[in-house]
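A, B, C and D label the chains in the order they appear, each numbered from 1.
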Amino acid sequence: GAALATGALPAAARAEGDPLITEIQDWNRYLGEGVQARPYGTPSQFESHVVRRDVEWLTASTESSVNFTPLHELDGIITPNGLCFERHHGGIAEINPADHRLMINGLVDRQMVFTMEDLMRFPRENRVYFLECAANSGMEWRGAQLNGCQYTHGMIHCVVYTGVPLKLILEEAGLKTNAKWLMPEGADASAMTRSVPMEKALDDCLVAFKMNGEALRPEQGYPLRLVVPGWEGNMWVKWLRRIEVGDEPWHHREETSKYTDLLETGKARRFTWVMDPKSVITSPSPQAPVRHGKGPMVISGVAWSGNGRITRVDVSIDGGRNWQTARIDGPSLPKAMHRFYLDIDWDGSDLLLQSRAMDENGYFQPTKNELRAARGENSIYHNNSIQTWYVQADGTVENVEVG
Amino acid sequence: DDSGKFGLGREATPAEVAAWDIDIRPDGQGLPVGSGNVLDGEELYTNACAVCHGDFGEGVGRWPVLAGGHDTLTHERPEKTIGSYWPYLSTVYDYVRRAMPYGDARSLSDDDVYAITAYLLYLNDIVLDEDFVLSNENFLEIRLPNERNFTPDDRDQEPFYAAKTEPCMTDCKDGPVQITMRARILDVTPGTVDDDAAAGVGGVD
Amino acid sequence: GAALATGALPAAARAEGDPLITEIQDWNRYLGEGVQARPYGTPSQFESHVVRRDVEWLTASTESSVNFTPLHELDGIITPNGLCFERHHGGIAEINPADHRLMINGLVDRQMVFTMEDLMRFPRENRVYFLECAANSGMEWRGAQLNGCQYTHGMIHCVVYTGVPLKLILEEAGLKTNAKWLMPEGADASAMTRSVPMEKALDDCLVAFKMNGEALRPEQGYPLRLVVPGWEGNMWVKWLRRIEVGDEPWHHREETSKYTDLLETGKARRFTWVMDPKSVITSPSPQAPVRHGKGPMVISGVAWSGNGRITRVDVSIDGGRNWQTARIDGPSLPKAMHRFYLDIDWDGSDLLLQSRAMDENGYFQPTKNELRAARGENSIYHNNSIQTWYVQADGTVENVEVG
Amino acid sequence: DDSGKFGLGREATPAEVAAWDIDIRPDGQGLPVGSGNVLDGEELYTNACAVCHGDFGEGVGRWPVLAGGHDTLTHERPEKTIGSYWPYLSTVYDYVRRAMPYGDARSLSDDDVYAITAYLLYLNDIVLDEDFVLSNENFLEIRLPNERNFTPDDRDQEPFYAAKTEPCMTDCKDGPVQITMRARILDVTPGTVDDDAAAGVGGVD
């Protein structure tokens, strides 16, 4: 939130009271702006610090770069569209929906072209899904590096998608019997491609045109994006213009040079699609320090898993020695973000905060060292280990690792 | 098989499919007829690529490195290049054709891409002959050295996933927990440090 | 959506194909804007028609007026914050959260003042609720009047709220045994007040500070609003600064002069709080005509009830003679919007589209004439009768009434 | 009863409660000590209110009507004013004090509000004496004529709700349905008609 006053009154004023109460304020007296001053509304001027932020040193150019969702400023499970992190490989394609086409080619009975209007005539679904970049927390493999969950965990968002089940579109073209893989392709300057196994495509993928009720944002692939629930964000091809059907995967750049997970042995895993269970405490966190003293403290965070629902989140305040099961609040939907809370009475001493998510597959988050023991430090992707925040008595919070 | 259940959309024309069907697979599917040699590739590369990727594929500043890095995959800072890491040559052709040069994609002819790909093989010491000509005919003969080092996803075998036990809740560690590392020591958080000073400490790829 | 091309090709071009496909487009070649060009993102330039709109003749000034959610452009159940309809009585109060206070006074053990920071230390909840103005569809009592569901039904939105259960705040002040009513009060220039019975306050009311994950918007009461699930929107006091606890209702202007329902007899109902089951077809609708010819057509709409969940929505294409049960898609949550679809194969003939919602209380929507028979035409509020859209062969859609 | 469960917030000072506790109830709770008469009210009203509400409370343009409308509640266009519709005088005092004059709320003294309220009673023919003085002492003696016409919410008795039957699904009407009214005839949709031409055909209150 914006800077918050403590409400403690200077002694002299105490008898009379807080002038913000005893004196009539302008907003209580004079008219504010009327309706239609803001046909499409934006946040309060006092929330101007709540923005996506990048880390300039990460990339050579902003057109192939990333910025991060300000998780520490958000609550609940829905990410507002304006704050969904961006990851582009050739900048934001600005496409008039009237000029957009979706082609289905390859191992189909009929190679086809659909306009946006054609797609709006198929039956639709609405689903809440998280989208996490496989490189989220990638900068933390070698140790605590960035002070803020926006930077360590902010390559994630969670919105409601409206779209057509990919299955229906594929069936409209007619799949050949040897159709086993798909290659979605973007219309942007990187012409992004990935290989998707047919089983996933026919299971729960959507060809989406809306997020959180309104049209997709340009940064998120307007007018059309592939939704690949629970799987790494790079596969959710934006500005989707073509889907080729084939019998083998393509092994394209984003599934060889990138998005393969190098192990300590020098071998690398490929096609590591699922995003495993993960969580992070969003408040307190380095960008959301504790501004109040001891007493009631809301510990809050988000958890998610590509395997389905989150069944439990445990929170530790002593660096993982003892755990308490947190309260999951709000809708609990498969492959969606979950919001958890632990309400504590803070005694003012140092805390080592951790959260540990479990999913309906029975998987739970490993510690950082467990993950390193299994994979080394060069994997870049799929770092879903337990994060530690060090809360000091003065309320400052730091990204640390513990033994 | 005349039309789908909904009868929506229309058939694509051959010209339309040809215009967009530009992808290449490791088995050669999609490779256009054509060829190019190392020397032509060098010229094209020097003009259109070297400004970012460096004369020898070494990468300028933070732009991607394309060559070198042999035997670094087990090092603390592995250098993942076409020669050291990529499994298939088809990926080079496909990617350069669809996305490079950065900022002017789709500007190269098919033969240009063959020539540049040949030159990238040369920069990576995979072909040593300056007169080497790469074409749709000999393309599949070239294998990249790291091909066999890619394995399927077996995360489910990792101990913490394989176990599927209930995690520990109480007294999970002996004695108070110690801090072993602090982000504040190497603080590269935006707003706290000069971006250039931080460059290179980590990355999203 | 924005104007959509049909994708039909002129004969000459057919052999070669659509130039949008056969020629390389700029967005596929040149880099677009990079990350951080839009730290807080906004919709595509091609969606600039998707805005809240007002009806100027309704009110004397924009500061005490209303505008309407563009329902016909939205899908799913969540309204984006920038498109939530506005209703102000003294314009938009712009309040720095550091300057905001919540006072609890009256029949409590301790009259108290809370800062925003104090409130952020209470346990929180996240809930999806619709908010409908009791005057929604009020212009239609005497007959079909406005051509567009934005105008006839757009005084509604549905978002996820994050807030503190009002019960916890009241308990913190300590309720006296004769505490039976509450009076929430706004900090704006109208100092809005309503009377709320204690039973509701202790049941499911929230003191909310976030909507759809981010801070409330100024138009929606930033930094604090009362959430009164399922009850008329006017009670959801914005810019909430005080709650007085009493033993009797206040009968203030917004529950006497306004928000009382005048019947044909001259008597008027008061304290008609619950918003009864209601629905509307958002597409096709007058602002969303059918641009395609016969064949597959997605009929879609929203339904909601202050009594709880929507259990069923029936759709008629022949003006209410025959009904088919529509598919409810997306989360079905109590006192939240529900999205429904009926996918039909349109034969191109005229349609008289209607939708009829049922809730878990067993209530369903009356026809317009049933409602008039019970109440007359002067009630202004609580018009939840069945809406008819007349779809003609050319795809135009009109607001009509049927016999 | 020293502090709540959480110990959050602080006690309000008496001056703070006094500053914000401005609401009035029908039983007189909240009425400040003070008084004002019709003639002073007329002057205040003429200066601060008449520009919008009209010299006689008749409303200028689309601004609210405050007086008149007696016996119109069963008419096609009922006029709901303080005199014709409002149940309690306390609401007038409370509302004027908290929200009027529009654009300069909280600018009137308590006595001013008594005087204006007295004048609004006079404009509504509820007091007929120009010399009438309204004060906290005689306030509860004034009853508005329509008080007894407000009833509790009994929507659950309306036939369509009371029935709780399954609605008809098939052949619910005899023969094809006829259109009885079209919005296009009286089209007041924004963008299709001049706003002023449409004024007055309906309203949200």
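As a convention for this text, a residue touches a chain if its C-beta (ideal position, glycine included) is under 8 Å from a C-beta of that chain, and two chains touch if they have at least 3 such contacts.
Small disclaimer: the values here were computed from a predicted structure and weren't measured.
Chain grouping by touching, computed with chain A excluded: one piece, all remaining chains connected. Between the Cα centres of chain C and chain D there is a gap of 24 Å. Centroids built from CA atoms put chain D at 48 Å from chain A.
One finds 27 Å separating the Cα centroids of chain A and chain C. Across the assembly, chain C contributes residues 7, 18, 21, 28-31, 53-54, 61, 63-64, 66, 90, 103, 113-115, 118, 121-122, 189, 191, 295-296 that each touch 2 or more other chains.
Within chain B, the positions touching two or more other chains are listed as 6, 8-10, 12, 16, 20, 102-103, 105-106.
Taken pairwise by the contact criterion, the protein chains fit none of the simple patterns, being neither a path, a ring, a star nor fully connected. The set of touching chain pairs reads A-B, A-C, A-D, B-C, C-D, using the touch definition from the header. Only residues 7-8, 14-18, 21-24, 28-31, 295-296 of chain A touch chain D when the two sit together in their complex. Those residues of chain B lying in contact with chain A across their complex are 1, 3-6, 8-12, 16-17, 20-27, 29, 52, 61-64, 73-74, 76, 78, 80, 82, 85-88, 90-91, 94-95, 98-99, 102-103, 105-106, 149-155, 158-161, 164, 167-173, 176-184, 186-190, 192, 195-205. By the touch criterion stated above, chain A contacts chain B in their complex at residues 53-61, 63-64, 66, 89-90, 103-105, 109-115, 118-119, 121-122, 133, 135, 138-148, 151, 155, 168, 171-174, 183, 185, 189-191, 193, 241-242, 244, 246, 248-253, 256-258, 260, 262, 264-274, 276, 286, 314, 318-323, 352, 356, 358, 362-364, 366, 370-371, 374-375, 377-378, 380, 382, 390, 398-403.
Contact residues on chain B toward chain C in their complex (touch as defined above): 6-10, 12-13, 15-16, 19-20, 102-107.
Those residues of chain A that touch chain C in the shared complex are 1-7, 18, 20-21, 25, 27-47, 50-54, 61-67, 73-84, 86-88, 90-99, 101, 103, 113-118, 120-128, 160, 162, 187-189, 191, 209-210, 212-215, 217-219, 222-223, 239, 291-292, 295-298, 300, 327, 329-331, 333, 339, 341, 343.
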